[in-house]
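Note that chain A is present in both complexes that follow, paired respectively with chain B and with chain C.
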Partner chain A sequence: MGSLFLRRLGFSIFALLIVSLLLFVLTRSIPDSPARIVLGDEATDAQIAEFDREHGLDLPIVAQYGIWLETLALTGDFGRSFTTSLEMNEQIADTFPVTMEIVFIAFIVATIVSVALGALSAFYRDSVVDYAARLIAVLGVSIPGFWLALILILAFAVERSWFPPGGYTSISEGLVPHLRSIALPCFCLSIFYLAVITRMTRSSLLEVLNQDYMRTARASGLSGRRYLVYAMRNALLPVVTIAGVSFGHMFGWALIIEQIFNIGGMSRALLTAINQRDYFMVQTVVMMFTIVFVLANLVADMINAWLNPRLAAAS
Partner chain B sequence: MNRVRRFVGAFGGPAGLAGACIVAALLLAAVFAPLIAPYDPLAVSILDKLLPPDDVFLLGTDQSGRDILSRVIWGARASLTVSGSAVVIGVICGVSIGMFATYVRGGWLEQAIMRVLEAVSAIPLLIWAIALVGIFGVRDAEIGPFTVSSEFKLLALLGLLYIPTLARLTYISALGEAKQSYVAARRLQGVGEFRILFSDVLPNCLSPVIVQATLLLAIGIIVEAAVSFVGLGIQPPTPSWGNMLASARTYLISGEWWLSVFPGAAISLTVIGFNLLGDGLRDRFDPRHSTSMSYAT
Partner chain C sequence: MRFTDGVDRRTMLKIGAAASMATLAGSWVRNAKATADGTLTVALTDNPVTCDPINMSSHDSMIISQTIWENLLEFDVDGVLKPQLAQALPEVSADKLVYTFDLRDDVVFHNGQPMTAEDVKYSFEYMLDPAHKASRRPIFNRLSHVEIDSPHRVRVVLKEPYSPWVYFLTKHMGIWPKGSRDELGEDHFKMSPAGVGTGPGMFEEWKPNDYVSLVRNPNYWQKDKPSWDRLVVKIVPEDASRVAYLLTGDIDLMGAPPARDFAALKKRDGVEGETRGTFGGWTVFLMNNKRPPFDDVNFRKALAHAVDRETIAKRIYYGLVEKSAIPAPASSWWFNAEADKSLDYDLDKAKFYLKKSKYAEGAKFELMTNAVPYLLDAKDCVVFLQSEFAKIGVTVDLRLAERAVISPAMLKGNYEAMFRNIMSPGEATYFLSQNFLPDQFMSKVSGFQHPRVVELMKIVFAENEQDKLKPVFDELMQLLADESPFVWVGYFNATNLWRERVKDFKASRGLTMNVRDVALG
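The block that comes next holds the complex of A and B.
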């Protein structure tokens, strides 16, 4: 297990290096330079050159990348924007926890509900529960979360004022107002992945229940709860993998959901940065999302290795 | 009877057939939008603004008095163009890279290509699409004699982001095919490796790519709508389902529901269509792996 962990970790770091280099090159290859944005159209070439020298923008891209990476790796410092001079780490500290909370709650709810629903649907195949689960699975992957959000705002915030139509109430202003302000965003974010994971749990469990070893288990007297646990343990493998991928993707969709509900998380940071043409900030935010994405996959791999020792042995 | 069954079977069952019908209807709407749409989607008429659905405007009118039905039909054209062209770019590049990796298999180059592709798969699609469209600008750009529109930038970026998935899929299935005995037989006939790969192996490993491409079409529709929704994709006044939803947001609070309900319903219907078709094709081509991994975007 240790060696599997090291190998996966090594690959994750390699992936982050490749992807961050790509991102770095892309954000540096835009038509208008940061110096031009800050100093305006009247700036002379000498002033531009001075600005570039000051911020290290006159170095080759690979050298700039090296410096950025070294600072990040040694001190955990994402640096300071060329255009707004904002400290990136402060920006992340302000916005990341908001997004993280919404994604995390949505993820936990989606995972618990969908694994339970998928399991019931497979164990009681062709029952009412099964049909309901399959219907949810088809609808959930087809209804875009941002449209659902608009409909739910119309139904539960405009027509009846059960929830606020938008905004984020911090937990310091009371638990109930806080939960009310994030209930709809979390629901809209979770429904797609709830459908995906339900579907995956159902089909994976159906496949396991058809295996010879499950018949053997039943024949040798395993029954009730232990039979369920035995089946689930074998069926969870692809479910965990897809849950890991889902967590990363949920971060992406949180961007749209936050935008609809007017919540000041990472989405506001990213869209503000795009509007201000602050490409350093864009790069930082996208990098954070990518790190979360890669970490979520790594955690999923580790849970799988723990659930299924054969995987660890095979490496 | 038999002929009917075979026809339904071609789409992997009744659900797949239903998906194919939805997709066909949308394609017709997109291609013949100028003939089908009852009004000009851009015709502003302040006197008719914000009318609820009635006999004249079947789905109502928006804040500028434009007919929503006509805009939804023209929106199909925009959405399908972006999503479809992105998939075409992704398939052409992805299949070429996948086949090239198969061609150089056994060497360091194969390892290098596959490791990089695997690393690049760690890119969250939606975030990168939004950030890159944002970085490269939503305004039209002039590159030499060509005008590059924001739609084109969006679809090109989406296509590039599809490449890793499709290249790996092609590689895995081509590698499996290359071990089959018919490949060895062709080699004994003295046919060159390159020709075997393209005329014998490639046609045999296209079915998973077709299935994946269908599901990517659904993903592309959603991503285009999301990117346009935050104001970075297809720019108004050109109607797209995403930018229609974005401008409808303001009117939701005041109760003008038809502005947001119909474009959203169009997105959902399209996505259902592509998903059903994709699942049906998967059941037909590859019944063993009917478990879908490809929905998560």
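The block that comes next holds the complex of A and C.
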């Protein structure tokens, strides 16, 4: 287990380095200086060149990357945006918890509901429960998240006033307003992954239930509860892998959800940063997302190793 | 296979139902509408990059800079130049080189310090100093210096006659206390400009990607204004979200509503709306005259005659664009009806000019436009243009691009054709001088140069009276129609929607929303 963890951790750090380098190259491949945003379209070539020199944008990309990585490694400082003059660390502190909360709640809801639905669907195969669960799964993967978000805003914010049409209310302003502000975004974010994990749980569990060892376990008089745990432990391996990937993907989908629900989280900050050619912000946000993605997969691997000790032994 | 032992069906269903209902937590609670307090909430589409007027590029975001800072003159919502911090419009010397302003003596900055001529001189000199890298400095580079006659009288001295500068300052300048820039630094003006303006709103807070808030200036020189206690400028990029905010009352006022929904939205209960032509918003088909096939004036005129502006204005932009074939809004004093008519929609004329051109057999070019809309979505319009040009045998390849790609390509002349909506201060000369005079920041957009245009612009710069300017503009408009360096489609409107509690609001012909004069019901 320890060996597997170290191997995966090493791979994760390597992946982070590669992603950070690619980010540098890609963000600086945009055919114009961010000075155009800061100084406006009327800025002269001389003004733009001076801006680039002052901010080190005239250095080779590798040199810029080296400076950034060194600063980050030595001080933990993501830098300061030369477009908005904002400190990146402060921006992370302001926006990351918002996105993390929405994604985490959506993930937990999606996982719990989907595993329950998938299990019911498999155990009661070809029953009404199964058909209902499969219908939910099909709808969940078929309905575009942005469309669902707009429909929910129209139905529950504009027409009925049950929820606010957008925005994020901090928990310090009250638990109920806070929950109301994140309910629709979390629901919209969770529905696709709920469907995917439900389908995965069902198919995986059906496969396990048809195995000889499950028939043997049943024949040997295993109690219902223990039988369920036994089946689920074997069926959850691919589900955990999918869930780990889904957690990372949710940060990507959060970009659309935050945009539609006008939530000032990290995904929305990324979109603004792209529009404003704010290199530091793009780098910072994508790095944070990559770290989350890599960590989620690391955790999924560890859970899988715990569920199936043969994986750890094989490593 | 059925599972019935251990955990019964009812228990399993309860677990599933409970987990599902968890996703709807809070849905029983009703939303309290925005209360009718003293807060005016305005929604914008773009996240501002700065609050500083000398570096502000977004005409939407100027609501922030123009509420914090003021200028000697203002461009009012009807497009009329009026005194603001000056007592009256300036006296202009006979040689058109000296503009004398008498300043108001009842103006104090947000920090309590009275405004004097020293502050005006300091503000202009700061902006004009190349070391301070004000992005708007190039449009003021014909200004020489500012002289002080008395504590409340200044003279702005020009290097050469240049009448439009008084319009430009209304958008791209501000007056701040003497020494404040050096004392507080650039970031203060950019991100948290407390204490340095004279306007009706005083900076309170900027939460990036969320809102900028201002509070009422209790010492504002217009004693009964503003009527709001707090102004929240909220950033809501999505059209649908902005509309939802308005309908639920979470915002009071919005700009740039979706064109196709505007007419229906303004009829909704509790919602009002207005759309008015701007004096500076080009809806334009840009052509690089240095590149084929646009290097032939007959080809350019063929395209100019092939554009059905009426359909674009009415059907594609739902009346939110005022059609015009020349660089003048139909409602402006410098509009030349004959020049406009000379480029009417006529496919026979289009085919005639195409045949006269060296591209008589037809031509093919790439037409770029913004993937993400700026001010108005252009994507439907370029598809329409593609089909219109196909009728005369011209093939168009459409290409969508981000602003990060499209703006530099335009300014450097690295493109063939573009369709864009672009905004300038609401007067006649800004785009003309920037596009068609040599060595301006937009000179490479068309690559078009004409000695008579240069002569006419020089005459325009040296004259302040509309009566004398009209014949000059008539000639200029006809010349530009004859040469068609661009194909002008029209001028887009300033369009706003607001809740009925907002009284006395008018859409501004300068596009930027003016919230100083509104009252809250």
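Here, the second predicted complex is superposed on the first by the 289 of 315 C-alpha atoms of A that agree within 3 Å, B and C clash if a C-alpha of one lies under 4 Å from a C-alpha of the other, contacts with A are read in each partner's own complex, and residues count from 1 in each chain.
As a working rule, contacts are C-beta pairs under 8 Å (C-beta built on N, C-alpha and C of every residue); 3 or more make two chains touch, one makes a residue touch a chain.
All figures in this text were calculated on a predicted structure; none of them were measured in a lab.
Taken together in the superposed arrangement on chain A, chain B and chain C clash. When the two structures are aligned on the shared chain, A:259 is found in touch with chain B and with chain C. Using the contact criterion defined above for the overlaid structures, shared-chain residue A:83 touches chain C, although it does not reach chain B. Contact with chain B, but none with chain C, is seen for A:286 once the two complexes are overlaid on the shared chain. Of the two partner chains placed by superposition, only chain B is touched by A:246; chain C is not. By the touch criterion stated above, A:150 is placed in contact with chain B and with chain C alike.
Of the two partner chains, neither chain B nor chain C is touched by A:8. In the superposition on chain A, A:190 makes contact with chain C only, not with chain B.
After superposing the two complexes on chain A, the stretch of chain C that clashes with chain B is 312-320, out of 132-140, 276-284 or 312-320. Of the residues of chain A, those at positions 30-31, 150, 153-154, 158, 165, 259-260, 271 touch chain B in one of the two structures and chain C in the other. Those residues of chain A that touch chain B in the complex are listed here as 11-12, 14-19, 22, 26-27, 30-31, 138, 141-144, 146-147, 150-151, 153-154, 158, 165, 192-193, 195-196, 199-200, 203-204, 207, 238, 242, 245-246, 248-249, 251-253, 255-256, 259-260, 270-271, 274, 279, 282, 285-286, 289-290, 293-294, 297. Residues of chain B touching chain A in their complex: 115-116, 118-120, 122-128, 130-132, 134-137, 141, 222, 225-226, 229-230, 232, 245, 248-249, 252-253, 255, 257, 260-261, 264, 267-268, 271-272, 275, 290-293, 295-297. Those residues of chain C that touch chain A in the complex are listed here as 1-7, 9, 12-13, 15-16, 19-20, 22-31, 33, 47, 49-50, 55-57, 133, 135-136, 138-139, 187, 190-191, 207-210, 234-238, 240-241, 244-245, 247-248, 250, 372, 402-405, 407-409, 411, 434, 441-442.
Interface residues of chain A, counted against chain C in their complex, comprise 30-32, 36-44, 47, 50-51, 83-86, 91, 94-95, 109, 112-113, 116-117, 119-120, 123-125, 129, 150, 153-154, 156-158, 161-167, 176, 179-180, 183, 186-187, 190, 209-210, 223-228, 259-262, 264, 268-269, 271-272, 275-277.
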